[in-house]
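Just below sit the structures, each encoded as structure tokens.
The following pair of complexes shares a single chain, chain A, combined with chain B in the former and chain C in the latter.
What follows is the complex of A and B.
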């Protein structure tokens, strides 16, 4: 039987590939795109306001609510703004670290550094956020450390979310940038130097253009992860992200349609972001 | 409004498919009520037979304890032994989650707060309760019977479990002058800028309305859950101003406990149980029921209209308010018991005094949570803000 099957497949590459991919592809289409589709459809339903039951009649009421009220626009822009700030911060922090790992240290040290970067990912996300809660608290270690300088820490709030997100997603930026930098041959740096390029010029004209797609690739992670998170904002601030509103509408208000409508916002933002990233060559760098 | 009633009735009919016949005209089975919504015609149980061997409950954390949280806290095992009904519990974290879970039809009953009960009644997810089949019901405090949040047209839809008030709490080492007014979190909140907390739920809008009721009489607020446009806007504006002084909102009580312990919060709304836990940790806090009164909760055990184990559910409702068990639950959770006889059964003899269990005057000052509806319940008619508008306003307040 097995023999006949392999005879049948021999020479039929398309059948082979088709069989191999049908499982994963089916999963992708049904579980992933399917759920997105359901989400999108649900965004057009409505809630019976008193009994809280869902009325399955198509209406654009939810999108009108989102567009007409200030607060949703404000929350969407805040979420996108912080996601962008976190991305820039992580890029600035990650670049020197990645460069050091890729170009300066010995291979043995490099291995150790990669482990060090990955290490925080072994700890639970929640543990890390709670740790930050303690650090940022009124009598926390940050205020204690700053007190001799007469300065106070940011406390809980928007600044705290930016800090914590930047910390959480840093490894996701370092790794792609490191991989991108490693692919730049050392000889190019030497050539630039031989031709009279000073370090800054070499960095600006040689390293940065070659590594930029990698930075964009890393930014996809930092941006998307911040955009979708709602636990960190609820733990270290009282500000709302898109995710918090979605969570409140599903859990508290039981208004699934409005939640679905608002959840399409980050999806659209990410689609636009990915299209731009593709133009910048990020997908070749992944 | 007319259109909505039809929708409610339709929803109710769908929900009741197979359990009770909805008349062919759709509305014939529903009767009009003073509550301002059509009450689906769900049959009431006439007798309690032998247990079905199982019962599935939705409950607040701490209401159904089988010793797994603390071996000494257990009132489920004896129930299982006596009735043969195996209890399985799903803890609901919010009223809204409970409504959603009940709608699934997989549960026999729920310990619903007043902001969930009417929604469950209107959607036909719960059945009226035949109080004659619950012998312990006769010992329930009269103040808890036939309330707007647990009955419709004089028909009880559940068995009262216990009640409590949302109190004002403060760190007595940081706020030296004793507080006696909600001014501390509203008009004078800027004194405690960044250290004020509030309950993170749309129902908290009622707390602002309560303050306005006392301090802005020209708004004419009578019931803090029946707010028309002008009153509602005033409450929302008050909360937006309060927002500037809020450090963190709290939704689960352990978070509030931590914030008061660390000193990140010094004043705000609380439940007595949190204060007790803080006292146990030697954190200097004080609580009061301010002069304006307070909002509060009164919980009710309700039976699902689709209950697969109705006999066990009736047995459970009788068990949970039996004097001994009701005393245990009330002490464990930190609330006033519903059964008058429980007060002699508590381990702490002062429990009923601490929680004002038989203090009618105290609870007269408490406005129990109830679901805000379009229908104001008075001469103003259908001009009040319904719950979905409260939810949206709450998102707006938090910004």
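What follows is the complex of A and C.
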């Protein structure tokens, strides 16, 4: 049986590829892209004002609501703002450890450090957010640790959201930056030194420009992951972000079309971001 | 690069602080699991193992754990089959649109989880009229788990030479025999690693799950619903430790198997994969 099928397919490379890909492509194109298309179409549906039922006739009503509302606009900008703040924070935090891993330690130590950065990345997302909820709480360890200094922690709020996002996505920034720094040949740094560049000058004029695409690559994760998250803000603040509005409209308000319309915002932002990132050479750095 | 000993020390301290930042929150939760009191106050007054006992006998936790394991196994099985097929096609054939495949595979993880979740939810409930449950969770999880299997296997296939496969065919083996007896043993550890990572990814996922689970509770969903019940928090702490261990053990084993940390769990695209989230 296997032999006969195998003989039949022999030399028909196109048929072979077709058979191999039919499963995975069928799944991803039909189940996934198809669903995305449905979601996009649903953004143009509307709720019947009286019955609350979904009317499946195309209208741009939802987009008008979103564009004309101060609240939604503010929420959109707030979300993009915090995504940008988290990205900058993580880039700054990632550099020292990434540089240390790539250029200072022995290969054995490097392997250990990569694993050490990788493990928290895989530890349960929800548990990490919950841990911060406990740490930042009134009776939590942060207030306890700060109390001798007479200071209080930030408590729950926008600052907490920024802090927790920065914590959650930091490994996603460290790993690409580390990989980018590792690719810079040591000889280039030595050359800069031989030509009289002091370490700080070498860092600014040689290391930074060469590592920049890797930073942009890392920022894709920190930015995208922040844009769509609604669980972190809801656990450590009462501030609304795009994700919270979308989630509330799917669940409580039961206005799926409006939620679908608002969900196009992070998708469009991400597409623009990816296009810019590609021009900056981030994809070669991935 | 020549660094002054002062810069070296600064880098060392920076690295130490960053690692402390990454691990301290996990350590805090682990400590709270041993907190003898019901109130979550720091410093912890008395240590006790009683919440472990309570958690293991809690029917909600047991059901959620079972659901999570079922969903993880189902999603991993689907991802293994689809990811392997796709990676074999991409690594061993040349065809139009080959580069698009790796993009398509990573898309479910690159887009915000809320978008993937809502898209699947809308299709299930509005178009297909399916009841949400374990099956829809598996479909959702499998969709974003394919990429970890794909990345692991494709990387391995690219590193292994095709000459063994050609030799096998020259010696008269048919395509299926060659795949089973030559290709498969070469990629076996990559398959195991991919499967472990896929399971870990599925086991931790929250956002897509909230949109596809209906009445089913996976372990993360159980944690999420019980966070708002102060009485349950001591048990949540124990479950949190369990969740960390159950996601880190597969990842650690996967690391050891592939022995190349950068290409296994942090390969391009796979580190998006990494994310239990979003």
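Going forward, the second predicted complex is superposed on the first by the 252 of 286 C-alpha atoms of A that agree within 3 Å, B and C clash if a C-alpha of one lies under 4 Å from a C-alpha of the other, contacts with A are read in each partner's own complex, and residues count from 1 in each chain.
FYI, a residue touches a chain if its C-beta (ideal position, glycine included) is under 8 Å from a C-beta of that chain, and two chains touch if they have at least 3 such contacts.
Keep in mind the model is a prediction, meaning the values are calculated, not measured.
Contact with chain B, but none with chain C, is seen for A:65 once the two complexes are overlaid on the shared chain.
Contacts of A:74 after superposition on the shared chain: chain B is touched, whereas chain C is not.
Touch criterion met: A:53 reaches chain B, while chain C stays clear of it.
Once chain A of one complex is fitted onto chain A of the other, the partner contacts of A:17 are limited to chain C, with no touch recorded for chain B. Residue contacts after overlaying the shared chain place A:39 against chain C, while chain B stays out of touching range. By the touch criterion stated above, A:111 is placed in contact with chain C alone, chain B being left untouched. After overlaying the two complexes on the shared chain, residue contacts for A:122 are found with chain C alone; chain B is out of touch.
Contact comparison for chain A: of chain B and chain C, C touches the greater number of residues. Of the two partner chains placed by superposition, chain B and chain C are both touched by A:139. When both complexes are overlaid on chain A, the residue A:92 reaches neither chain B nor chain C. Counting contacts as defined above, chain A residues 137, 139-140 meet chain B in one complex and chain C in the other. Residues 47-53, 55, 65, 69-72, 74-75, 137-140, 155-156, 237-240, 245, 248-249, 251-255 of chain A touch chain B in their complex.
Taken in their complex, chain C has these residues touching chain A: 1-4, 7-8, 10-12, 14-15, 18-19, 21-23, 25-26, 28-29, 32, 39-43, 78, 81-83, 85-86, 88-89, 93, 95, 101, 104-105, 107-108, 110-116, 118-123, 126-127, 139, 142-143, 146, 174-177, 200, 203-204, 206-207, 210-211, 220, 223-224, 227, 236, 240, 243-244, 247-248, 251-252, 255, 261-262, 265-266, 268-269, 271-272, 274-278. Partner chain A is touched in their complex by these residues of chain B: 4, 7-8, 11-12, 15, 37, 93-94, 96-97, 99-100, 103, 119, 122-123, 194, 200-202, 246-249, 262-264, 371, 373-374, 386-389, 391-392, 394-396, 398-399. Listed in rising order, the residues of chain A touching chain C in the complex are 2-3, 5-7, 9-10, 13-14, 16-17, 20-21, 23-25, 27-29, 31-36, 38-39, 42, 54, 93, 96-97, 99-101, 103-104, 111, 113-128, 130-135, 137, 139-141, 144, 167-168, 170-172, 174-176, 179, 186, 189-190, 193, 199, 202, 220-221, 224-225, 227-231, 235, 243, 246-247, 250, 256, 259-260, 263, 266-267, 270, 286.
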